[in-house]
Every structure is written in C-alpha cells, then in structure tokens.
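A, B, C and D label the chains in the order they appear, each numbered from 1.
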Amino acid sequence: MAVSPARRLREELARKPSPPADKLLLAEAAMRLVRDGDHVAVGGTLYSRTPMLLLFELLRQGRAGLTISRPLSCYEAELFLVGGLADGIVTSWVGIGLPWGISRVVRELVEGGRATYEEWSHLALGLRYKAGAMGVPFLPTFTMLGSDLTGLVDTHEMTCPFTGETVLLVPALNPDVALVHVHRADRFGNAQIDGYTHMDADMVAAARTVIVSTEEVVDAERITKCADATVIPHFQVDAVVEAPMGAFPHECYGRYEADFAHFDDYVAAVRRDGLAAVSAYLDRNVHRQPDFAAFLASFGRSRLEGQQARAAELMGR
Amino acid sequence: MAVSPARRLREELARKPSPPADKLLLAEAAMRLVRDGDHVAVGGTLYSRTPMLLLFELLRQGRAGLTISRPLSCYEAELFLVGGLADGIVTSWVGIGLPWGISRVVRELVEGGRATYEEWSHLALGLRYKAGAMGVPFLPTFTMLGSDLTGLVDTHEMTCPFTGETVLLVPALNPDVALVHVHRADRFGNAQIDGYTHMDADMVAAARTVIVSTEEVVDAERITKCADATVIPHFQVDAVVEAPMGAFPHECYGRYEADFAHFDDYVAAVRRDGLAAVSAYLDRNVHRQPDFAAFLASFGRSRLEGQQARAAELMGR
Amino acid sequence: MTVSASRLLADHRVVFAGVGVPLLASVLAKQQHAPDLTIVLEGGIIGPRMLAGKLPISTNEMRAARHASMLTAITDVFLLAQRGFLDYGFLGAAQIDMHGNINTSFIGSVERPRVRLPGTGGANDIASLCNEVLVVTAHEPRRFVERVDFVTSPGHLDGGDARQKAGLVSRGPSTVVTDLALLDFDPDSRRMRLCALQPGVTVQDVRAQTGFELLAHPEVYQLEPPAISDLEILRELEAGAAVWD
Amino acid sequence: MTVSASRLLADHRVVFAGVGVPLLASVLAKQQHAPDLTIVLEGGIIGPRMLAGKLPISTNEMRAARHASMLTAITDVFLLAQRGFLDYGFLGAAQIDMHGNINTSFIGSVERPRVRLPGTGGANDIASLCNEVLVVTAHEPRRFVERVDFVTSPGHLDGGDARQKAGLVSRGPSTVVTDLALLDFDPDSRRMRLCALQPGVTVQDVRAQTGFELLAHPEVYQLEPPAISDLEILRELEAGAAVWD
C-alpha cells in the first residue's frame, strides 16, 4: 500500500471519537469492520499469539482482495490465500518451522503468479510498523543495505547529513486494520500482554482500525493495578472481543502451548492433497463449525487442558 | 557533542565484553567511570527518579567540563553548574515546578554567559536518545518545525522521499555516561522500573558507559520471575550501585514522595543568597557528609518514613 | 479562565494536559460535561484520576499517575501526539503574539537575553503535534506582543498558510483563553481576534491589555459566568494542593 | 558441525541464536567453555535457559523464553543488534557464494522463481547488524555456488571493500562451518578460503562439494573431533525435542 502522508492519517484519527466506552463486541460484529481490499496486519508472530478466533471469523465471513502483513507468517497466511480472501502477503518469512519444511502452498501460489509475496527483512517490517506508530512517514536503518531485497520494495538510500553515512529509509506501514490477541483487556480496550510482545503495540498504534481479542475481559481496576503492564491504550482500540484460548492452536505465552500435532496433520494433508487440503481444512474447521468455541471443542477438553498444563509447567507453576 | 558514526559507536561496544558478571560496586568506585569532559545523561525527569546518590557522589569527587543532559532538569543541574563540574546543560526545561518559580541560578549563569543551555523540545530530546538507542544517526519528526529552536541547534530539514512532506531530522545523542536509578536490579545489571519509565531505557541503550543505582539488589530469580518488566538488559550496564532511597529528596514511584519542603528551603535560600546558597547547600549536604546515607540520616527517620507512607497511601496500600 | 477553558473540551476526546490550569480545566470538564474525556500527561501517564486536595505539582510524579490505565515512557506519550491521538493540547505563554506564536525561552535577544526563561519543555511539541491547541494565559500587554522575541512554540507563524508551509502537520492554536476574554484566529490572515468577553469585561478593557492591534469577530459575545458547581468542584480539587500535606 | 560452531563462541559475549544448530551450539558453548555467554533470541527473548529435551522449535515460543531475564518486542531485539550489542549472529544458507552472500529467497529468477524459499526472516538483519556472522550449513555443490541467484543476506557482496561501500556497518561473515570444513574469507579479496578440515575429511573432499574455486589458507589444519562430553550434552539437549511430548 502507498505511504500515507501524516496529515491524512491524522485527519482520519481526528474524525473518530475516542471515549473509554464499552467496545465489547461479538467476533461476528467486530470483524464487519474489515472491508474488501483492506491491508490487514495480523498480531503475534509465527505460531505465537495469533488472533486465531478473529481470523477464523473473517475466513467464515469471507472477503476479497485483502493483503495480509505479519512479521513471520504461519499457516494462517495459507488459509487466507487459498480461501480466496487475500491475494498478497507482506512478511519476512512464511512457513511453520523447521520440522514442517517449506510451505508448499505458498510455493505453488507465488511461483505460479497467483499470489504476491512482498518480502522485507524482519527488522525492516518492524520499523515500518514502528514508523506508522510514531506518526512519521519513514525510519532510517542500516539493515537491508547492499542486499537484493531493496530492489523489490519501496525504499530509499540517503546520506546522513550528520555523519555522512549511508542509511536506508523504510516507509511507514499504517495498516487499514490490525488484529491482535492479548492476555487481558478491559471493555474500553486498555490491553496488557504477558511475556514477549512481538510487534503488536506498534502495529496497533499504526493501524487505522484495531480489533483486540483477549483471553480475559477484566475490570478496569485490574488494569490500573498494574498500569505499567498496559501496552495498548483504549483510544487506539475500536473493538474488544472476548476470546478464551483465542490463539489456539497457536500458543499464548503462559496460558497454553501450540498444538504441534495439529500442525503435523495439516502439513501431512497438504503434502498428500496440495491446495485441496487447505480447502478441506477450512471446510472442516471454519465453515462447518458454527463458531470458534465449536472448533475448540472439536479438540476435546483433555487435549486443550493438556496444552494449558504444558504451559504451566514451562512457567514453573 | 558531535554525532558519532554508527561504526565508531559499534566498535566501542565491541571492545567491551558483556558478561552477566557481578557488577556491584560502591558509589565511590562506580563514579570513577565518569571522566572530565564527559557528556553525562541523567535519568528520571524533574524531581522523579533522579539518581541522586550517584550525582551526590560525583559532586563529592568533583570533575571538570561535564555536560549534563536531562529531559526536564531540576535543581541538580544547578548543583553541577555552581559546583564547577559542568559548564553546560542540554535539556528542554529547567526549574523545579510552578510554585518555585524560574531558576534564578540558571538565569544568572546563562544570562551572564558563564554556562550554556542547549534547548531542545521534550520530544526532540527524547528522539535524540532514542536514535542513539536504535543505533541510527538521526530520527525524523514533525516537531520543532517552523520554530526558532531549530536555528540554535544541529538539525536538518528534508523532504520525505515517500510522501513529499517536510520532516525535521534530529541527531542521535549517545552520552558518554548514563546514570539512572531503578526500583530493582540483579547484580549483573538486569533492571526493572515500576510505573512511568521516563526516558531511561533509551538513555541507557544509547550511552557508552552505564551506571545503575537501585532501590534493591535482588536475586536473578526475582528478575526472571517477571522478565517482561525488565527494561535494561545486563549487557548494557557497567556498574550496579545499591541505593535505598537513592533518588531522595526526589521521588521514586511507589516508594517515596519528593520532599517538597526541602525544595522550599533550597529555593528560599537561593532567593536570599543567590549562588552562594547553592555552594552552601553543596557544602552542607555533599561535602560535609561522609556519604549519601549520612545525608539521608540528616532528614531524620520519621521524615523519611513519612515520605514513604505518602507514597504507599497514593498507591492505595 | 479555568472554567472557560474547561468548556472548550468536548466529551469523548483526549486532552494532553499540563499541571495547573490545564489539569484543573480537564478534571472539571470530566466532572461537568465530558465524563469520557481522557487525560494524558507528559510523564508517560494515560487516563489518571486525580485525588481532590492532592493535585500534582508536576506531570512526572505519583500524584499525577493515580489510577492511570497506562504508564509508559515520556517519549511514547509525545509520539502518541505525533501520530494524532491527542485531540487537545494546552499551552501557557510568557509572550504570545498576534499570530499565536509563543515564547517561553528568551526575553530580549538570544545572544544576550534579558531573561533566560525555563525553556520549551513539551510546549513546542504540543504546539506542533496536538490536533488542536488551547492557550491559557493572563491577559497583559507585556505578554500580548506584536511579535514574540523568540518562537518557542509555533502558532500560525507569519499568518496565512505559513504554518502549513513550514511543514507542521497540525492546525495549531484555535483559541486563547484569558482572564479577560476568549480569542480565536481569523481564518484567512490567522491574526488573533476577539471572540467573547469574560463577565464584566469590555472590548476596551481587552484592547488596553493587548500589545497589538486586535481584530474582532463580527459578533463578540459574553461568556457565561462560572456555575456555582464549577467553583465548588475547583475549590475541592485545589484544597490543600499548595500545602505539602 | 554443531560442536565446531560452538567452539567459535567466546565467553563474555552475546550471541543472537536461531533455533536448530545455532541454539544447540550456543547452549553447548555455555556448558563447555563459555558459561557467561548470553543468548538472545529474535522473539524478544534475552538470557533464556533451555530445558534439556524441550528445546524450542521457533524462537517465538514459551520454550525459548524459559528463565529469560528480559522479554520484550521483536523489533527491540533487532535494534539491539543495530546498536551493536549482539556479538555473534548465526545464519544458515540455501545458497552461499564465494563472497559469503546468502540466498534464502528465490532459486532461479525473481520473476519466475523455480523455488520460492521461505524468505529472509531475521537473516538479512543478522547479516547486516551482528558484529560477527557465523554461517552453518551442509556442504553441498548446489549450496556452495559461485554467485547466489539472489542476495537475501549480504556477505562481502562483490568482495574487497564492497560491503563497507554499500554502507553496511558490521564486518559480515567471518566463518563458515560445514560438515566438511571450517572456512573463512581472504582479508583482501574477501573470497572464501578453506581454513580447517573436519576429522577424516580431505581438501579434495571439500573442493568436490564446493561449486566454485575455493582458496585455501596457507596452513590448513585439522579440527579437533567432538569430545565425549560434547556429544553427551548434545544428546541430552536434543532428547525428545522432535517429539511433541
């Protein structure tokens, strides 16, 4: 997407009131905020704190022409491409992890020219969200210099007027929508994340519309009690969705581990059936389930509890 | 100070090993790391979390030709100027607060050409530390544009190559030394701050040498238990100084309130005796006290406990 | 003055307040007509609730942070302003000129200042980055000067579209609230003009206290006096604030 | 290969490790000769201690964060590298050329790639920003190519001072560790050269598996074989790691 001038971004914000009002919505209503053609930034990274409940709802509703950006993309990117909602991804890496090999789906779509993959270095993408969050149209960096990556994307080299050094300018990324999953939020949208925060805070501050799903909706008092743990202030948030285990089968730090066996099954099916396996996955887990709770229930309670127990064990609880 | 090229800053860092070794020092030894002519960045802001124990020790030892930078400068700046240690300050504001009026000391010294006051906007100074922390020689901003402030300091305007907007580039500030006071740190230097963090984390990451004073030296386990509250990693720290009430008579969030009556006495004396009152203050509180503990003891236990009780009350404890 | 300022603050918005009149006006607005106004303070503090009688003396202290929903770094708060999240910013003024430029740095020349003022603090940033800037100051000829000695905080610079041409991304000062009047800026020339009078004040009173030729709005009106409830709330808020209780 | 890599890590330094061989090598180094080596992982994780048998599969998960002294944002970790705090960075390679440039993006042309690889992830940043870069990869002719199809992660580019001229602020790859050998770069031409051989490997073996003319250090030596304790530690670390226990 083209870089927006600061004045335009600010005018958009100024048009929106930002009260600490009750923003609690059901996923179905919240996801209506996403429009065809939007650039949707997806919080978390790889298989950590992915806003899976929100993504599944969006996949259920269907959209066209979306672009999906994410620091490291996991198989949710494949669902959006094969599901026909998105025709491009902006990321630094796509796959699940070493044991699962290269993404056959992305290979097939990108090599065949049916989807675009705009590649930025991990830091460069982080700086793009950060520039967007800081309200400036670019940030300078020493990464990506000299590589062939810069030839494929919109960057500029300049000479630093203070030191004479060569720096690369990467453009701000202000997504139309940011979707993030957090540990706790009050109904106004003040949100806290435990552990590593990925790029969520910058993504949210940069975005034009923000939907937060949360493991727990808590009283405002719970937030003010440890206000230094708040990473998203309410006036950056448009909707709050209650989503216990809302990142599953991905992990949520301290709450539950990722379900690696689920990934195994998915990858085995793709190896066997190609893109059709992705459609079948969508059919089984999204379209034929009335909601995310039903999808979770399909794992069975003991498996879900096992994932929570593993997290507790790792946290030394 | 001139903006340092990234390569030089990086080479300096690369020469220093960065083990998680025991860095616990007495203030006297730690402050020997500060050399004549250094640019010393002082953590906290105004009368909040000022590393007063470290500053008093430096004032006791004496130095020449220092430059002191700080987001908002309180009367510690006056101590350094009148004490003859510093001949310039880099800040956005100097004073104590509305009830105490304009700093007579800074007026006299700066108007008389005996000290320099390099003025940056609050954000611009914050961005200078942040650029230093990020390892880039500048950051872009929309602040300070059009004002007369830019004419007095080293900034550059440029046209954004992405949007055509005018942006101001402010240069990185990589202080020779950063002095910060935190709530808790382990002996390796992993440090945590409660409440607002001022600009301390950026200042520390930007600086060439870092001395941290801490209300409490804690076991490494105490840090790892809430690792998401750590704002300074050990490899950024050169010395750790144990300093209970080490920001007093300034405040430390959640621990003790600032001693406003102490400020009253100081300002009344300056109104009466001018610069001589500052020398007398130094004499009484620094030079004639064997150490900071003795300075604290001069307040009397009940007054110190009263300040702690006020903090506890504000925290709802 | 505080009451007039508070009435400029609309509900459901975010105000970047300093201590003193701005904070009082913001808290008053929340209690009177804007319960969902969010207060942001420069010390990294978002959404605090003040304790009556324990108002902070600076925006960087515990009293200012009470019951905040978020505590963060100073720079991050100003970056919220740069992104456009902060709707209102308040400024005071040692000097303000006919185009709303403010000086809090030097009286006299820069090289040999007659008075070295405390400096910008966050004032320049507020003037540059908050969506709308409200100036609150005592109305005196030595403050209301034709041209400030030094532009610490940019108003409309030389007037017209000078502000936009300088690259500034926000609209700048919309309103000046004083003990005598409420003033705004002519939409074309961006020169200050009289809008409304505080109770009991005449146009002549205002002109006499203004060091430059003041334009006037076609229809200058009278400001409503403070309500009793306004004064009660302010009295309660301030009680004991000046004493180090 | 893992053991050879671990021996390159000096104590009292900070290593930016990825999962797999880099993490194993780093943990091994800590247990053997570098107890005060600090591990940093791209998922915002500083100073973690791994649990034997529960090694992480990605650097962005709980297993990777165990007992960390600091947990923060991804971007912040890379900014530590940009500032110069991260001494060692590890890279793998789908393709690596005679100047240490690495490709993990496209095999074939960009427009019509034969293989669209997963992409840079943090590899380009590590190559650009860590003080010293160590490459660990299997030694095969299809990997060791004269010129990579695409420079994802800059090595010494066209050799000589090309890297510095491009504006890169760190020294780039110093060493390539493979299952056959240890290689470095000629100080002038910055071309890859054979330094040392893994036990039982000959110079001819290495040349046969290298798709370009390999220079050789004046004194090629034999690497020490892994100690029994090395293998014991690695076995314990990996036990169960591949099973979703």
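In this text, a residue touches a chain if its C-beta (ideal position, glycine included) is under 8 Å from a C-beta of that chain, and two chains touch if they have at least 3 such contacts.
Because the structure is a prediction, the values reported are computed rather than measured.
Indicate the lowest number of steps between chain A and chain D, counting one step per move to a touching chain.
The fewest touching-chain steps linking chain A to chain D number 1.
By the contact definition above, name the pair with the higher C-beta contact count: A-C or B-C.
B-C
Roughly how far is chain B from chain D, going centre to centre by Cα mean, in whole Å?
That pair's centroid distance is 39 Å.
If you average the CA atoms of chain B and of chain C, how far apart do the two points sit, in angstrom?
Each chain's C-alpha centroid was found; their separation is 28 Å.
Would you kindly tell me how far, in whole Å, the mean C-alpha position of chain D lies from that of chain C?
Going by mean C-alpha positions, chain C sits 56 Å from chain D.
Please set out, as single numbers or ranges, the residues of chain C touching at least two other chains.
65, 71-72, 79, 82, 129, 169
In chain B, what residues contact two or more other chains?
6-7, 135-136, 141-142, 165, 167, 195-197, 227-228 - these are the residues of chain B that touch more than one other chain.
Can you list every touching chain pair?
The complete list of chain pairs in contact reads A-B, A-C, A-D, B-C, B-D.
Provide the residue numbers of chain D that touch chain B in the complex, in ascending order.
11-14, 36, 38, 46-47, 65, 67-72, 79-80, 82-85, 87, 129, 131, 169-170
Can you tell me which positions in chain B touch chain D when the two form their complex?
6-7, 9-10, 13-14, 17-21, 133-136, 186, 188, 190, 205-206, 220, 223-224, 227-228, 230-231, 233-236
Using the touch definition up top, name the residues of chain C that touch chain B in the complex.
Residues in contact with chain B: 19-20, 42-45, 51, 54, 57-58, 60-63, 65-66, 71-75, 78-79, 81-82, 105, 110, 112-125, 127-129, 150-154, 157, 162-163, 166-169, 242, 244.
Tell me, which parts of chain A touch chain D in their complex?
Chain A reaches chain D through residues 45-48, 71-72, 91-95, 97-99, 102-103, 106-107, 110-111, 113, 117, 119-124, 126-127, 129-130, 141-149, 152, 157, 165-168, 195-202, 251, 253-254, 257-258, 260-261, 264, 311, 314-315.
Residues of chain B touching chain A in their complex?
3-7, 135-142, 154, 156, 158, 160-165, 167, 169, 171-172, 193-197, 227-229
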